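Read through the structures below before going on.
Common to both upcoming complexes is chain A, partnered first by chain B, then by chain C.
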Partner chain A sequence: MTTLHLDWTRCRGRGGCVELLPELIGRDEWGYPLTATDVPVPRALRGAAEQAVRDCPRMALQLSPRFAE
Partner chain B sequence: MTATLDPPVRTSPLLDATRPPLRPVPLRGAAVIAEVAAAGLTGRGGAGFPMARKLAAVNAAVTVTGRTPVVVGNGSEGEPASSKDRVLLTTAPHLVLDGLAVAADAVGADRAHLVVTPAAVAAVRAAVAQRSDRVPVDVVAAGEHFVSGEETAVVAGLEGRRAVPGDKFRRVVESGVHGRPTLVQNVETLAHLGLIARSGAAWFRSRGTAAEPGTALVTISGAVARPGVFEVDHGAPLRDVVGLAGPRGETPVLVGGFHGAWLAPHEVAGAAFCRASLGTFGASPGAGVLIVLPAGASGLAETARITAYLAGQSAGQCGPCVNGLPRLAAELGRVAAGHGSRPDDRAELYRLAGLTEGRGACHHPDGTVRLVGSALRVFGARS
Partner chain C sequence: MSDALWYLGRGTGVVSLVLLTLVVALGVATRSGRPLPGLPRFAVTAVHRSASLLAGVFLAIHVGTLLFDPYAGLNLVSLVVPFSAGAHPFWYGLGALGLDLILALVVTSVLRDRIGPRVWRGIHWAAYASWPIALAHGLGSGSDASTGWMLTITGVCVATVLAAVGWRVSERFAEVPDLAPVPVTAPPLVGTGPPEGPR
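Then we have the complex of A and B:
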């Protein structure tokens, strides 16, 4: 399954991924994405995940085919 | 600091200052991996990962990428309560260098780095100058922050960047120093390898337990008469291990250092120094740090102090760590000061812990959450 990987060292909580993937990513009280570092992406959300990767202004997101660790 | 052991304890092969360097390297290539696998040697830097699997992963990455690998001996020892790597490096530097040479041959590396605490640089450089290893060894002073010893932080430092943890999308074994497959091993792990290369897997397994063979160096501090570094068998009764340092009374012990977990006195009495036993208390041997709480001291207050220190040691990169750790420290401080006796205050601590855990490039938040959780478990039942 495809996994969405978040690089916490790049993320500054801009929130684009939260808006594109509300099913997978919430927002914590400090504005950061409320998610694990590696999140399995269901097939139906694959397109939204790809857009989140493209749109992140911090380039903090990557998709990988490997399983979340 | 090598501590005279009392009552009588078996000799410490790791801290033998008189052993001459290993020459030539008796085990090479696949034979090293086979011997290390047979020995069951695991990393002594804290995570306890099997060394044979790491060696195999580096070799696999070399096959895939076609790049020559790098080996790194990690003696950064950012944990303030640990001295075992420094004591090992200054007492028996050749044993560590032996292991580094064997590891370099096992993966076919052409560069070796030895990252050590600044206090050990001179002793280790002097030892390197006495040797004629095939692979040149470059001795580097480690960064002096708590997280500087984390594997990706060590790689960053060797590349001339700030020695702070990095993202793990690509594993260090696949893409480490300057993108090359990289083997990072704690210096004590390398010293064990140096002994296994001499004496073999069966000798290594003559100590420890079947599941967790061999010995480990521990650093014992706190309310003890003889703080210091000791070599102990995996599986030894924890009370006997702590007993080496002469504890002043039966008090709680912080096992595994600042990212570790507290054990109550009756748990210390029943536990063994190994992952299997300590795991039942949410603890692990980690890098062998044992801190004995003084009688009459407040475990919650001590933990709040450590948590504040850990919050200050955040590399400042990841939002949940930057924001969560100071909140955890402050809330625990309130509870410790007696202002947090309402159930809601505990609930807030657990909520913050859940919000912080698993959300960072490294395990600094997770280790801090583990410490706080163990303090609530052991000290926080009532107040």
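Then we have the complex of A and C:
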């Protein structure tokens, strides 16, 4: 399964991924994403995940089968 | 035919200025991490990107038409090498300089995955230089620069970018402030006795 990997060293809580993937990513009280570092992405959310990766201003997201368990 | 090229070149220049103004303002908004009225955060980024590419298209038409236009008297070299044009070398040169910078911004953004965020961000600061250069090029080269309608457009564009930059440097700009760097120096050790020896 495709997995969304979050690079916490790059993330600055710009919030785009939280809006695009509300099913997978919450928002903590400091504005940072509330999620595991590697999140399995269901097929239905694949498109939104790809947009989140493409549009993350910090390039903190990576979509890859590499991180699959 | 040459009239058509000339008018298309002028018109696309005006549209490019308006689009570049929108791109700068949306770029600043993207950096803030805040949503805009009617635009969620991800949409601010997406519209910033789309408007940039659209501005690139209009710039390509602007440059392409004036390349073949006999009035402008430009060639391929003077389009990209600043201050090398035969006529109006300074004002056309600013246009070439702005074009080069914007080209660098677009190419590095398209190849962002390849070059990494540090280099990309470093080059992206050139956006703040490219906009005033493009504006000055329009004021100096634009055949319509002194008309009332163009002065109005220019004024709105300047006000928009000034407001965006003013917001950018203001105290409460970012929704999520960057973390303060961790101090390198350790606090002084007072009253903790002699330091421990090597283990």
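Odds and ends about this structure:
Here, the second predicted complex is superposed on the first by the 65 of 69 C-alpha atoms of A that agree within 3 Å, B and C clash if a C-alpha of one lies under 4 Å from a C-alpha of the other, contacts with A are read in each partner's own complex, and residues count from 1 in each chain.
Rule of thumb we're sticking to: contacts are C-beta pairs under 8 Å (C-beta built on N, C-alpha and C of every residue); 3 or more make two chains touch, one makes a residue touch a chain.
Predicted model only: the values in this text are computed from it and were never measured.
Contacts of A:12 after superposition on the shared chain: both chain B and chain C are touched.
Shared-chain residue A:32: touches chain B and chain C both. In the superposition on chain A, A:64 makes contact with chain B only, while chain C stays out of contact range. Shared-chain residue A:55: touches chain C; no touch with chain B. Legend: residue contacts after superposition of the two complexes on their common chain; A:20 is shown touching chain C, with no touch to chain B.
With the contact threshold set out at the top, residues 10, 12-13, 30-32 of chain A are in contact with chain B in one structure and with chain C in the other. Residues 165-169, 317-321, 323-324, 355, 358-361 of chain B touch chain A in their complex.
Note for the complex: chain A touches chain C at residues 10, 12-20, 30-32, 51-52, 55, 57-59. Chain A meets chain B in the complex at residues 5, 7-13, 28-32, 34-37, 62, 64.
On chain C, the positions that touch chain A within their shared complex are 30-31, 33, 35, 40-42, 45-46, 49, 112-113, 116-117, 120, 175-176, 178.
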